[in-house]
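Order of writing sets the chain letters: A, B, C, D, E and F. Residues in each chain are counted from 1.
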Amino acid sequence: MRILVVNPNTTESMTALIEECARTAAGPGVLVDAVSPSDGPAAVESHVDEVVAAPGVVEAVRVGERAGYDGFVIACFGDPGLDAAREVATGPVVGIAEAGMRTATYLGRRFSVVTTLRRMVGPTRELVRRYGLADQCAGVHACEIPVLGLADPASTEVLAGACLEALAADGSEVMVLGCAGMAGHVPVLTERLGVPVVDGVAAATATVAALVRLSLRESTVVDEYAAPPARSVGA
Amino acid sequence: MRILVVNPNTTESMTALIEECARTAAGPGVLVDAVSPSDGPAAVESHVDEVVAAPGVVEAVRVGERAGYDGFVIACFGDPGLDAAREVATGPVVGIAEAGMRTATYLGRRFSVVTTLRRMVGPTRELVRRYGLADQCAGVHACEIPVLGLADPASTEVLAGACLEALAADGSEVMVLGCAGMAGHVPVLTERLGVPVVDGVAAATATVAALVRLSLRESTVVDEYAAPPARSVGA
Amino acid sequence: MRILVVNPNTTESMTALIEECARTAAGPGVLVDAVSPSDGPAAVESHVDEVVAAPGVVEAVRVGERAGYDGFVIACFGDPGLDAAREVATGPVVGIAEAGMRTATYLGRRFSVVTTLRRMVGPTRELVRRYGLADQCAGVHACEIPVLGLADPASTEVLAGACLEALAADGSEVMVLGCAGMAGHVPVLTERLGVPVVDGVAAATATVAALVRLSLRESTVVDEYAAPPARSVGA
Amino acid sequence: MRILVVNPNTTESMTALIEECARTAAGPGVLVDAVSPSDGPAAVESHVDEVVAAPGVVEAVRVGERAGYDGFVIACFGDPGLDAAREVATGPVVGIAEAGMRTATYLGRRFSVVTTLRRMVGPTRELVRRYGLADQCAGVHACEIPVLGLADPASTEVLAGACLEALAADGSEVMVLGCAGMAGHVPVLTERLGVPVVDGVAAATATVAALVRLSLRESTVVDEYAAPPARSVGA
Amino acid sequence: MRILVVNPNTTESMTALIEECARTAAGPGVLVDAVSPSDGPAAVESHVDEVVAAPGVVEAVRVGERAGYDGFVIACFGDPGLDAAREVATGPVVGIAEAGMRTATYLGRRFSVVTTLRRMVGPTRELVRRYGLADQCAGVHACEIPVLGLADPASTEVLAGACLEALAADGSEVMVLGCAGMAGHVPVLTERLGVPVVDGVAAATATVAALVRLSLRESTVVDEYAAPPARSVGA
Amino acid sequence: MRILVVNPNTTESMTALIEECARTAAGPGVLVDAVSPSDGPAAVESHVDEVVAAPGVVEAVRVGERAGYDGFVIACFGDPGLDAAREVATGPVVGIAEAGMRTATYLGRRFSVVTTLRRMVGPTRELVRRYGLADQCAGVHACEIPVLGLADPASTEVLAGACLEALAADGSEVMVLGCAGMAGHVPVLTERLGVPVVDGVAAATATVAALVRLSLRESTVVDEYAAPPARSVGA
C-alpha cells in the first residue's frame, strides 16, 4: 500500500517533517511519501492562501493518481482542495482537519482546537460546522504563532500555554492541533497537557491506511466525486 | 456608486447576460460592470472547476479594487473565492448563492433550489448548511441542463418542468435558481411557476448596492477579512 | 416606488427619526413615509406591549395597502405583527430584526445584538432562533436604556459602552442594534466601535426597496401569506 | 385549585366543549372554568386572527388573575398571547401546542401534527421549531376542515382519514391534534388510528394542574416574565 | 390509580425519601409506592453504575406490571433502563431527567442543571441532547457532593452555593436538580435561589399521573416499545 | 498489538464470524481475539436485550483489560455498554455504530443505514443523533431479517433488496450495515449496490488499531472515563 501526503504549502522543511510523522502513523506495510506543489504559498494563513494553494493540491493528487498511489492525505488544517481531489483520485482522500476532529470524538465528549493566527479561528469554526461537529467542539483558539514559526523549538512553550488556556476556558477533554506544522510537538504537548493530543497528519494517514485496507473509496453514485467532465479538467 | 460583477467562468456571452441582469437590479445611480477572468473553466460544474476558477475571481476583485469599484458580486452559485475576495476588497463582496437564498427567506417559509447537474446537488446542500439555512431550504434538485446549455432558449421548458417538480416534491413556496446562467429565464419562470423566483445575480447586486449605500463593509476586527499578510498575496 | 415604514409605538418623535433614517437608506427614486398607529403603547418593552401594538401595525399596513404603497417596513426589533402584515399586503413586508440580522451575515462570521432592557434579551434570542441565525449570533445583550431614553443624546455613551462590552464578551465582529430608537446613534457608534454597525431600520428599508425593484413579493402558493378569510379580517 | 382555560376565539359552543374536556383532564380537586374574550375572531385561522385574538387572551388572564385563579391554559394551537399572559399572571400559563407536543414526546420517538387548514401548516412548523421539537416532530399536515367545521360530527371521518395519511407518510408513532376544536374527537380517533392521540387541551390542563400542585410558576429573575412596566399595561 | 416509583439504587433510606416526595406530587386519588432493586449499586455515579443498575430497573417494572401498577417512574437522573422499561410496561414510564427538564421549559426560557459529581456532567449533557433540549439548557454543573452525601442536612448549603454559581454563570432562570437524592432540598433551595426549582421525582410523578388520567401510553405502532420477542425476555 | 472484540450476544457462531472479519480489517502486526459474554441474550433486538447484554460487555472488557489487550471493539450496532467499557479500559474502546457511521462520512456526503428489525429503527436514529451525524445520515431502514437469520446465505438477497430500496428512497451515496451479523455479506453487497458498503466491525477494528498505534486513549481529565469509584465496580 502506498499513500501520498500532500503538503499544500511549498516549504520543503515542513514537508519533510510531515512525511516523518505520517510514516510513523501509517503502520507496517504502508509506504508513505510526502510532496509539496511546485508553486503556491509558503504557508496557508489566509483565505487567499487557500485559494492559491488548492490548484497545486489537486495537481499533486492527479500526478500521484497516475503514479499509482492508493490513497491521499491533504496536510493542511483548512483541508484545501479536498472535494476536488476526491474527484481526481480513485482511492480515498482525507484531510487532516476532518480526520483530526473525528478521531478526537472517540477520545472524549468534547475537544478544543488550537490554530495558528487569530484570523484562522473563523475558518476553523466553519470547518467544525461543515463536518457536523459543532456539539463536540468546545472551542477554537489561536496561539498566535505563524505556521513557519512552529519550526522553532522555542515555540513549544507558547503552544503548550495556549493549549492549557484553551482546555481551561472550554472545560474540554481532548486537544486537536489545528496546523500540520504542530505535528512535531505532540510528544511534549501530550506530557504537558494531561489530555489526549490529536495531530491531524497522523490521524489522517492512519485513516487513509484503514480505508485502503478495507477497500473503501469515495462514492460516485450521484456523480459528485466522479471524475469531472473532460472540459473541466483541461479548461 | 460602481459595482463590479465577476463571472467566475470565461464564457463571454454569459458575462454579457449577467451584466444585463445585474444592471436592471442595481437601480438608479449605480454603475455596473461585469468581467470574466482571462483564464479559468468555461463553466463551473465540479469541485475541480471551482478550485480552478477561484484564483481568477480573487485576481478580478483585486484589479477591481485598484480601479475603485465600491462593491463586488461573485456570479456563480458556488460562491467560489468569496472569503478570499473579502480579504482583498475594502467594499462589500456578496455571492449569488448566499444572496439568492437569504433573499428567499423574506418571501416564504421554505424555498427550493434547482441547480444544473446532479453532481452539484451535494455542494449546494453544503452551501445551505454553511449559510445556516437548513431549516428554510426544503430541497435541492438538478435540472440536468449543463451551465452552457442554459443559453439555449429551448432550455426554459426543461427548467420550468424541473422547478415545478421540485416545488411539488418539497411543498415549498419560493424558487431559488441555482446557477447564474438561469438569470435570463426569470420572467418566463415567474409566470409558469406561480411562486416568487429568485435569481441570485439580481439579489446579490441589489444587496451590494444596499450595503454600499449604508456604508457597510466586511469587519476586520478579528483579522479574518483584513488584507492577508504580504507574503500570502505574492506567493 | 413608495415604501411605508410603520413604527409600532405611538411616540411621534421616534416616528420622525425613523422616517429620516429610512429615507437616507432607501436610495434615489424611492419615496418613504413613516406612520404610527393611532392607538398602542408609547414604547414596546414587554410581551404585553407587543400584543397591544400588533393590531395597530396590521391596520397601518392595511391602510397603506389601500393607499398604494409598494412595500412595508415594521420598525420595531420584535417584528410585531410581521406575518399578519404579510397577509394583508400584496407587496413585501420586512421587519427590522430579520433584516438587521440577515444583513449582518454579509459582514462577518458572527454578530452581537444589543437591545434595550434585560427583559428583552429572551425575546430577542427567540427571534435569532426563529430566523435560523443561532450559529451566526454570538450573543444578545441589554444596555438597560429604555426605548424612549434613547432619544437623549447622553445615551450614546452608555450605549457605546454596552456595545464594546458585548463585542469583547462575544469575540464577535459585527454589531446589530436591537431597537429602532438606536438608529440615530449609528454614526457615533461606527466611529467608536471599530466594527460594522447595522441599524435595522436602514437595513429593512434597503431590503424592501430591493425586493420591490426585483418585483419580488411574499408567496401565496400554500395560502399562508394569502389574504385571510373574510371573516378573519372583520371579526 | 382553580384553573382558567381561555378560548381565544369567541365561539361559545367551542368554549363549552373545551371546558368539558379540560374538566375531565384536570383530575379530582381541581375546579376548571373556560371563558372566551368578549371581542375577537370567531375562529383563529390566519396570522391576522392571532393578532386580533391575542389582546383578548391577555385581558382574560388579567381578569382571571384578579379573580384568584391559580393557573391558566390558552386553548388555541397557535398559543396566541402566551408570553404576554405569563407577564400578567403569577401562576403558570400553558399553551395547548407546547403541552400537546411535549406530552407526545413521552409516548414515542416521533409524532405528527394534523392542523386545520393548509395555511396553518407553516405557523405550526414554526411552533415546532420554537419549542425545540424539530427532531421529535415527523411532519405537520392539514385536514382542510375549518375550525368551526370540527363541531360537525361528520368531520370525524375526514379527520381520521387525514390522521391516517399523516402517520403513513411520516412513519410516526403518535398523533398530536393541532386544534382545540378537535378535542371532542379523541375517543373515536384513538380507536381508529391505533396510536396515542394527544389533545392539547387535556395535556395543557393536566400540565397546569401539575405545576400548581408542585408550586411551580414562571421565573421572573431576568424580568422577562415579570409584570410589565406600568406604562405598558395601560397604554 | 397506582404508580410505582423505581429507585435504581439499593439505598433504602433514599427510596423512602423518594416515595415521600412522589406521594406529595401525585395529588389526590393516586397511590404511590417506591421500590429498589434487590441487587445493584448503592448509588449511580458512573457509566458502570448505570449498566449495573438498569437490569434491576427493568425487573422492578416487570414485577410492578404484573402487580397492576398503572404507570412507572424511574427515579435516577440518568434515566437508566427507560426505553427497556417501556417495552415491558403497558402503562407510561417516565424518567426524572426527561420530566424534570421538560417541566422546566414551561417556567422560563433557559434552565441550568446541577448534578452530583464532575464525572456526571458529560452524561447529563448527553441527556440534554437526547431529549432535544440543547437550546433550552444553559449549562450543566456539578456540586461535587456524592449521591449518598445528599442525605446529610449540611449538604444543603453546599448545594445552594453550587446552584447560585450555576445561575450566575449561565444567566439562566430555572434550576433543575440533577439527582433524585436532592428532592428533599427543594423547599430550602426555592427560598435561597429566587428561581423555580424543579425536582425530577416530583415532575415525573405528576407527569405519569397526568398520562394515566388521560389514558395515554407508549405507542407500539412501529414495535419499538412493544413487548420484546419472547427470547429477549428470557435470555 | 492485541485487540479484543466483544460480541455482546452469546451466539458463538456469530462471534467466530466477527473474529474473522475483524482480523482481516486489523492489518499486519495486530492480534485480534473475539469473545462473547458467558451470559446474555442470543441476539440484541430490543431495548431489553441491550440492558441485559451490557453488563456482560463491561465484564468482558474488564477481563480483557487484565489480560493486557491494548484496545477493544464492541461488536453490536447499538454500541451497548460503550461508555461504561471506557471507564474500565485504559486503552481505546470503539463501538461499531460510531465507527461505521463516522467512517462513512469520508466516503460521500450522505449515508443510509439498514438495520435488522423495524423496532431497531428508532434506537438507531437515536444513535445517529447522539454521534452528531443527523446531517450526514439520509435515512435508517429495516430489512426485517432477525439478527440470527443473517447467518442464512439466502438472506443476502433480501438484504441487498432492502439496501437498494434504502439508497433509492434516500438518494444517498454510502451504505452502512446496521448489524454485526451483516459483516459476512459485504463482498456481495458491494458488488450489487454500486456504492461503498461499510461494515462496522471492520471499521471499528481498524479504528482501534489506528488509535493504539497513535498512542491515543480516552481522556480522563474530567473523570468521566476514569475508573469508577471502587464501590461502583463491586456493587
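Just so we're on the same page, a residue touches a chain if its C-beta (ideal position, glycine included) is under 8 Å from a C-beta of that chain, and two chains touch if they have at least 3 such contacts.
The structure presented is a predicted model; accordingly, all values stated were derived computationally and were not measured.
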>> Taking contact as defined at the start, I'd like the list of chains shared as neighbours by chain B and chain C.
In response: A, D
>> Can you work out the whole-Å distance between the CA centroids of chain B and chain F?
In response: 43
> What whole-number Å value describes the gap between the mean CA coordinates of chain A and chain D?
Replying inline: 52
>> Where in chain B do residues touch at least two different other chains?
In response: 109, 122, 126, 129, 134-135, 222, 224
> For this entry, which pairs of chains touch?
Replying inline: A-B, A-C, A-E, A-F, B-C, B-D, B-F, C-D, C-E, D-E, D-F, E-F
> Across the complex, what residues on chain F touch chain D?
Replying inline: 122, 125-126, 129, 134
> What residues on chain D touch chain F, complex-wise?
Replying inline: 109-110, 135
> Which residues of chain C touch chain B in the complex?
Replying inline: 25, 27-29, 92, 94, 98, 102-103, 105-109, 131-136, 167, 171, 173-174, 190, 194-196, 198-199, 202-203, 206-207, 209-211, 213-219, 221-222, 224-225
> What residues of chain C sit close enough to touch chain D in their complex?
Replying inline: 10, 40-43, 45-52, 54-55, 58, 81, 83-84, 86-88, 117-123, 126, 129-130, 222-224, 226, 228-229, 231-233, 235
